Amino acid sequence: MTAARQRGPRDPSAAFRWPIRVYWEDTDAAGIVFYANYLKFFERARSEWLRSLGFGQEALRTTAGFGFVVTDTSLRYVEPARLDDVLEITVEVDHVGPASVSVSQQASRAGRLLAEGAIRVGCIDLGTFRPRRIPEDILARIGRRPMPTTPQEASRR
Amino acid sequence: MTAARQRGPRDPSAAFRWPIRVYWEDTDAAGIVFYANYLKFFERARSEWLRSLGFGQEALRTTAGFGFVVTDTSLRYVEPARLDDVLEITVEVDHVGPASVSVSQQASRAGRLLAEGAIRVGCIDLGTFRPRRIPEDILARIGRRPMPTTPQEASRR
Amino acid sequence: MTAARQRGPRDPSAAFRWPIRVYWEDTDAAGIVFYANYLKFFERARSEWLRSLGFGQEALRTTAGFGFVVTDTSLRYVEPARLDDVLEITVEVDHVGPASVSVSQQASRAGRLLAEGAIRVGCIDLGTFRPRRIPEDILARIGRRPMPTTPQEASRR
Amino acid sequence: MTAARQRGPRDPSAAFRWPIRVYWEDTDAAGIVFYANYLKFFERARSEWLRSLGFGQEALRTTAGFGFVVTDTSLRYVEPARLDDVLEITVEVDHVGPASVSVSQQASRAGRLLAEGAIRVGCIDLGTFRPRRIPEDILARIGRRPMPTTPQEASRR
């Protein structure tokens, strides 16, 4: 099942957008962007999205002792990107739980979809690596009330 | 839906296995293996699996002009790996189509599951980047007859 | 001998400058930017410098069949960079030969030097991987006349 | 000045050797190994060399609180490596100081030199990131007595 089919209808104007330039380091011997690097591109866009909400992850890590770790990734690669391309990466919130956030992300070039996926990040204590609740101020700015913990959510932790 | 739930029952003894050592390059500031790097580990194991079947990808690329590109990845991260760990990466064939192969892969340390996922690779002409049939000798050695093209398979190309 | 000592006096205002944000992918388990990644940062800045002069490397590669490959790198690491840091990367031309360009580059954060180095790139035919002369229009825009080939230059090819 | 010229005569039989296979992740759009990745290959070989002497860096990091950081790298790229190549990476000790070790390293394929360089690593306290003396048992196994600190050595710290 592809990431696209896991998603419901959405409002494109609600997406956070971040441009990424493709450099030599991103390409492989097939002449295209190495597929694993889309996870890096998506991560950069999520970091900038959090920053746009007022949160720096290094500050969270070193002063508050917690952070977000990726727990699930599902990507579909549609068309290749190449050296010097400028990609637009989007971030859209799909679901916010008490200790996790699920987002959908797309990479496109000039409006044409190249790759897309769903990423789930969990909030953890970086000392113990155990899940912890996302602080209220972050939840509030992510912009959705935490949903009640579902059985599925509970079973995944 | 996680990768684990997409899989049916399997025979663990049928898996190809490849050891991977964790180096500084693989880690991030949380002190653990950066999640995107599991895609690299899984790729290395698939390359060694193909090599064990007698196929070198550089030879396929430069002499036959075709190759395998990743079209879908779905990973679930269970526990972190750390610097100096030795991971065992497995490759198990889930499905072979006329122009694609789907495998399940796991990363474990001393028998403990750290990450797992499903990867689908498509066979393409590296000049045009269009899908092409996997040559018969490769299909034969992958060890499963090509399944008839299903509607879903067709709709994804 | 460190890179810094290889350089003569220079005019800081002449340097091309490019900002780079540090993401998770750039860090390692020591909590700092992995040293090999400065070569990526320096490469990005050189790519943007060439772009600012009107040259896209993918266009050179696919239409003109040549490109620049790195032949020598010498870096000194002074202070660590961390997640979320914004680095300024500079590019300054040290020497232009008929088939190579040598530059000095620095990475700094808020005016404080973190790393610096000297990079030499050679112009090659991407089909044969043999050195070739840099086209006149590129030489002209790099802004220095090609120096006569020195004995040392000749001995390195 | 290239790395090769910085080195004195040496006994090739004294070198530590480590094989590295080239995978897709290591290549770039020129069809060859991306030059920055030789720093990763060299690092892997140094890690295995330390391991062969009985030292695991994760254990040093988490139990003793110190580690080795790279302070200087100087590499020369001679010939390209390609997907599926098996490279041999060497490590030879050039100099051991009280808080640093300098090594020469080469990457070759079937006896043919592809890249070589000199790497200097410093021993630091990972809490403060300040230099500290290398413990005696490690110095002893590296196999050379610490040289007296030279003026140049002192001026670089």
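Labels A, B, C and D are assigned to the chains in the order they are written; within every chain, residues are numbered from 1.
FYI, a contact is a pair of C-beta atoms (placed from the backbone, for glycine too) under 8 Å apart; a residue touches a chain by one contact, two chains touch by 3 or more.
Keep in mind it's a predicted model, so treat the numbers as computed, not measured.
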Next item on the list: Tell me which chains count as touching both chain A and chain B.
Entry: C, D
Next item on the list: Sort the other chains by how far their Cα centres are from that of chain B and give me the top one.
Entry: C
Margin query: A-D versus A-C: which interface comes out with more C-beta contact pairs?
Written below: A-C
Item checked: Chain centre separation in whole Å, for chain D relative to chain C (CA means) -> 23
Next item on the list: Averaging only over C-alpha atoms, locate the centres of chain A and chain D and give their separation in whole Å.
Entry: 35
Notebook entry, point to check: How many Å are there between the centre of chain A and the centre of chain C, using C-alpha atoms for each centre?
Noted result: 31
Note to self: Where in chain D do residues touch two or more of the other chains?
What the structure shows: 24-25, 29-30, 32, 36, 40, 43, 58, 61, 82-83
Next item on the list: Quick one: which bits of chain A touch chain C in the complex? Just the residue numbers, please.
Entry: 21, 23-25, 40, 43-44, 47, 51, 56-59, 61, 82-85
Check: Which of the residues in chain D end up touching chain A in this complex?
Finding: 24-25, 27-32, 34, 36, 82-83
Next item on the list: Quick one: which bits of chain C touch chain D in the complex? Just the residue numbers, please.
Entry: 1-2, 6, 29-30, 32, 35-37, 39-40, 43, 58, 61, 67, 69-77, 80, 126, 129, 156
